[in-house]
Amino acid sequence: MAGSSLGIIYRITTWGESHGAGLGVVVDGCPAGLPLSENDIQLYLDRRKPGQSRITTPRKEADAVEILSGVFEGKTTGAPISLLVRNTSQRSGDYSEIAASYRPGHADYTFDQKYGFRDYRGGGRSSGRETIGRVAAGAIAAKVLLEFGIKLSAYTRSIGPISIDPDRFDQTAIAETPTCMPDRDASALAEKYLSDCMSRYDSSGGVIECVIDGVPAGLGDPVFEKLDANLAKALMSIGAVKAVEIGDGVEVSTRNGSTNNDPFRIEDGKIVKASNHAGGILGGISDGSRIVLRAHVKPTPSIFSPQDTVNRDGEEIRISIKGRHDPVIVPRAVVVVESMAAITLLDALLVNASAKMDHLKLIYKN
Amino acid sequence: MAGSSLGIIYRITTWGESHGAGLGVVVDGCPAGLPLSENDIQLYLDRRKPGQSRITTPRKEADAVEILSGVFEGKTTGAPISLLVRNTSQRSGDYSEIAASYRPGHADYTFDQKYGFRDYRGGGRSSGRETIGRVAAGAIAAKVLLEFGIKLSAYTRSIGPISIDPDRFDQTAIAETPTCMPDRDASALAEKYLSDCMSRYDSSGGVIECVIDGVPAGLGDPVFEKLDANLAKALMSIGAVKAVEIGDGVEVSTRNGSTNNDPFRIEDGKIVKASNHAGGILGGISDGSRIVLRAHVKPTPSIFSPQDTVNRDGEEIRISIKGRHDPVIVPRAVVVVESMAAITLLDALLVNASAKMDHLKLIYKN
Amino acid sequence: MAGSSLGIIYRITTWGESHGAGLGVVVDGCPAGLPLSENDIQLYLDRRKPGQSRITTPRKEADAVEILSGVFEGKTTGAPISLLVRNTSQRSGDYSEIAASYRPGHADYTFDQKYGFRDYRGGGRSSGRETIGRVAAGAIAAKVLLEFGIKLSAYTRSIGPISIDPDRFDQTAIAETPTCMPDRDASALAEKYLSDCMSRYDSSGGVIECVIDGVPAGLGDPVFEKLDANLAKALMSIGAVKAVEIGDGVEVSTRNGSTNNDPFRIEDGKIVKASNHAGGILGGISDGSRIVLRAHVKPTPSIFSPQDTVNRDGEEIRISIKGRHDPVIVPRAVVVVESMAAITLLDALLVNASAKMDHLKLIYKN
Amino acid sequence: MAGSSLGIIYRITTWGESHGAGLGVVVDGCPAGLPLSENDIQLYLDRRKPGQSRITTPRKEADAVEILSGVFEGKTTGAPISLLVRNTSQRSGDYSEIAASYRPGHADYTFDQKYGFRDYRGGGRSSGRETIGRVAAGAIAAKVLLEFGIKLSAYTRSIGPISIDPDRFDQTAIAETPTCMPDRDASALAEKYLSDCMSRYDSSGGVIECVIDGVPAGLGDPVFEKLDANLAKALMSIGAVKAVEIGDGVEVSTRNGSTNNDPFRIEDGKIVKASNHAGGILGGISDGSRIVLRAHVKPTPSIFSPQDTVNRDGEEIRISIKGRHDPVIVPRAVVVVESMAAITLLDALLVNASAKMDHLKLIYKN
């Protein structure tokens, strides 16, 4: 099925496998007239690169992007933007074990059940490298949004038991810590915790938070195309994400209405909310406050400890996964979460352009 | 924007407002040859009816469904199934206050911002009555799934601080308790807690869980049409849901890989998982285990306590919401969650029919 | 499959069978703030009503439309507009023959092959009554377009061998002749021709033309969402249409470039075309000239002359079709063609709202 | 807008400009398990290559395709298939004239109106090279269809006034004549006619016909996803096509029902039609007969004769188009028509897999 596309007006289609010729994305529906260069996209891709610290895989992947279409004289033309990243560092390697056995926590078994066989090299289509197309498309979306004053920022909120302290929030630390935490103390603790996990041949989960500022009220559509519904889909579609929260998320289930409702008030002559438990979305439509999202990420399933499993022939076996694997997915997935949020928000902004006669009259004056 | 539709092959389109002529849904893409009567649908609609106990609104709504098309001689024909529920008990009432002011926690403000004005009667399109179309479509989806041995069961997992005890799980209690809890003791405690909320003119949140058994491995598509991504969207699109979990959900973020991975093993000659932290989905594709979902529901925003807010003219005011409102949304939303899960799963089952050449050869033998 | 919907932003979903409870459409994505009443829609539906002259079936169908949702205080709200037309005059009748046999030129056989059985009463879903939903949705689309100075006019161009004479073009005749021809002399001849057909228990084909004025340049999208491609689909989806032409259509295949190209020139300071062989569309995008479309309609397949065919049991039989049937489909299909063109054009106008940064900056000024 | 994609289950997304880095397509939803190599696709691409005879442009384009993803060990995996053709022979050239002026019959003016500017090099996105992605995707679709005994054949039916004689139909001539006509005599005459056009610095239109054999009854969906409606869109979306016919097409408008209806009869115990005026489709659903399509193609708009037009600055000018241009588009578009028909038909075949409970029970036996 055609499951590799997302979005209605800003529609992206990703393709590629971990060890194939390359990976990429076609971005269709980007408005014409946006200044865009390969560097705009490369900056985002570099944020998901491995080999940047002790807690990410020491693999070196250049992941250099090439714009194949849709940009002319430095601006988007309205035509589809095709982006290509060649695979370069993939070792041919010995995949006989992974080819025949089902790694716990991976999609080996389900791909075989669905399709009858699978491209097992490095996880094939279900590899984390699949996110390259998402991030490249997210970089463009974020650039469009910035033209309208909308800024996204994702970061690591927790790794295992170590959470950031909101009182120590430091925006600059996100880019400067290997954990992508906006809290240098928590980051140091998390690094220590991860070292400990690695020494036990184990891995850790964590939480990624994304905040979006400058969003005008009115984005998102009622019922099935609610902004929060589409954000939930976008984040849950990232491999390893097992829960998504909007605003106060799981905490609302133990709350009372009197404390969970956000009162409206007037500030500088404008309607604002006095609190933001809702996370910037009411009835599926942005309310002008900061949008707040969280994705809960499971521990890296590839661990070096021996594990029980079965092979294709239906025999119980015991495997030890080899190779290079991050002890935690979270830091490299931060930019993926930010990208998915940007893609979703931009699509909502574009479809909202035709929501009311007043908008149309601005464009099609007679 | 055309946001009132969901699904690719099994595609539903809902319509209707709280106080308009009626509400309904067009179900397009239901396979031909399914026995179907109005009673099949009415049974589901009755589960979301108000007026059934002290903890739901005393409004009486008949909500009788009429099949307008798509069924002939007791079977679906492949043509779209149009379902209509006339509004009958809506009082014309006095809406002057709600028309002019923005209720905290409601979509009044965001609808006005998006569209310039709104149908304010009873919440209009953002009323809980909008779910009538979802439940009617869900009843049909569940009936198709049952033909393939797939069974869904949703229930209340918690209300405020009161959670069910898995050791006391009692399937029959779901239909027999006013809370829809599968634990009569917890239900009694929850009723007491809700009485307490009501006496304080307040409301409560809660958690709905849905389990799905009998799902064959292979449903769902990689990348953006992952089964869990679509389930997250489906559940988050229900008004008042602020978080969605798959399997162990938020707990995975504090886990290690060694305890979170589900080992495969052989049972009765078949490949099964020894545990199910993943909640039945790996890489976005069903793995043959029970699928487990949870939706976190915020407290009913309509509370009788006075609240600060503003009106359309930008003046700060204080309002007290009148009328008939459930102190908790959860029990009536249980069947909505089950319906959305059924709709999503059926669509995945239908699109998977063309996933591999082997499937097609079963149908198009030469 | 979900084949009952059309459009991306202005998305319509029709439902209903000839002899079921009724027929209708859900119009999703209509911009908010359009004044709309049932009368606006009824005017269009009345144009496709039978029983208006000797050359249409003497059946009387009230076909009164009810707006069930999406309109509040006389204006569209942005919510889906559900429209219902109850079936009233359908006779239960004796369908034993039609139930068992396959009428030549009808979809009886193909529905049975596809779905295993069919609602045979009056043609079921493949009846001409299916177009009620299209026309209702077209009436709304045409009303939106009119707000931007865009006007559609469809009419009968020919019936059998009788064609209109462009030199006698009379706009008022379209509504006043039973043939919907803009030429009273041709209409009289066509009526005579049809009387002749009827006396021979036979039927006739014809051609419907639709012109659209006031379309701004820039509507339609390159490659697959070309304006002409979508118009072709929209018109070919009308039962009995077997060919679609844009501009000079089939004539271009015998032309040379030197005579087929439309030179540009300046008129009143604006760029215009000196001729319009292209029919107002270049590269799939409107060029500001009049858009010209033609649909070729086959003769009514229901004729009273005896015909050879087979029945469900695979026996060769001879049938004579009874009942009330128009000797030509064209006059009643004129408003259907106009409606499908309006629906397609409006969708192109809405999606074009987000085509370039300049448009977006008009809406989302910071 | 996201207009570069087509199809529901077999969904293709094309990208690329005439003089950019390359062109390509992402094919999503191809069933897993199809044997596929680059050679399968190259054979189709070679059929649209220029430089093959006197009547096509003498440009040499290698147009070598690379499969970047979705194929493993010689078989499709169910993952998106990304195909890339690098541009190699494009001269940088001098585009100052074409950049500033609007060529008659081209999309220069409409692109500028829609997007504010355009990639003018070689026509950019509206170049005939855009069809490379269509043909690559069509080659794969045709290969899947062949596995079910479905064969497509497109050919030139006429060029200018020269038509093939059905009595001289010679299948082998299609690949062996420079005109792609299945009639060597007509082809010789057409070549002579084209030489004549070229000597007058002019161009010619023509007609492409496509027949499809072996299609099972039941493909296509009622109302908007009719097989003929989607074929019409697919063909009309090809640049230069101005009319599309199904079966007897435009001729039906002057027919009577008694001669246009196709009687059913029994042959070898099977239901067949005694004639095929309908072109293999009844009510939008394939009826088991040969499907017959025709596309009317306008003369190449690029002619060497001087033409009147205007430039971007709104000045009337006179231009003479230089460069290398085919005097007729038809022969190279034959494989494009065949490809678009294959893509459309395969999608209908895939979506039909879930049309009835009986199909599903073959796949999901309990």
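Which chain is which? They are A, B, C and D, in the order written, and residues in each are numbered from 1.
In this section, contacts are C-beta pairs under 8 Å (C-beta built on N, C-alpha and C of every residue); 3 or more make two chains touch, one makes a residue touch a chain.
Bear in mind that the values here come from a model prediction, so they are computed numbers and not experimental data.
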Partner chains shared by chain C and chain D (touch criterion as defined above):
A, B
Over half shared numbers or under half: where do the identical copies chain B and chain C land at their interface, same or different?
same
Can you check which chain pair, A-B or B-D, has more C-beta pairs in contact?
A-B
Upon optimal superposition of chain A on chain D over Cα atoms, what rotation angle is obtained, reported to the nearest 5 degrees?
180
For chain B and chain C, what's the span in angstrom between their mean Cα positions?
38
Between the Cα centroids of chain A and chain B the separation in whole angstrom comes to 26
On a C-alpha centroid basis, what's the spacing between chain B and chain D, in Å?
44
Multi-partner residues in chain D (2 or more other chains touched) are 1, 3-5, 8-9, 14, 29, 32-33, 78-79, 114-116, 125, 222, 351, 354-356, 358
Chain A-touching residues of chain D, taken from the complex the two chains share
1-5, 7-11, 13-17, 20-24, 26, 28-29, 32-33, 66-70, 72-73, 75, 77-82, 84, 114-119, 121, 124-125
Residues of chain D touching chain C in the complex:
1, 3-6, 8, 14, 102, 104-107, 109-111, 113-116, 125-126, 130, 158, 160-161, 197, 200-207, 217-219, 221-226, 228-237, 239, 242-250, 252-258, 260-266, 269, 271, 274, 278-279, 282-288, 296-303, 305, 307-310, 314-316, 351-352, 354-356, 358
Could you please specify the touching residues of chain A with respect to chain C in the complex?
8-9, 29, 31-34, 78-79, 144, 147-149, 216, 222, 349-351, 353-364, 366
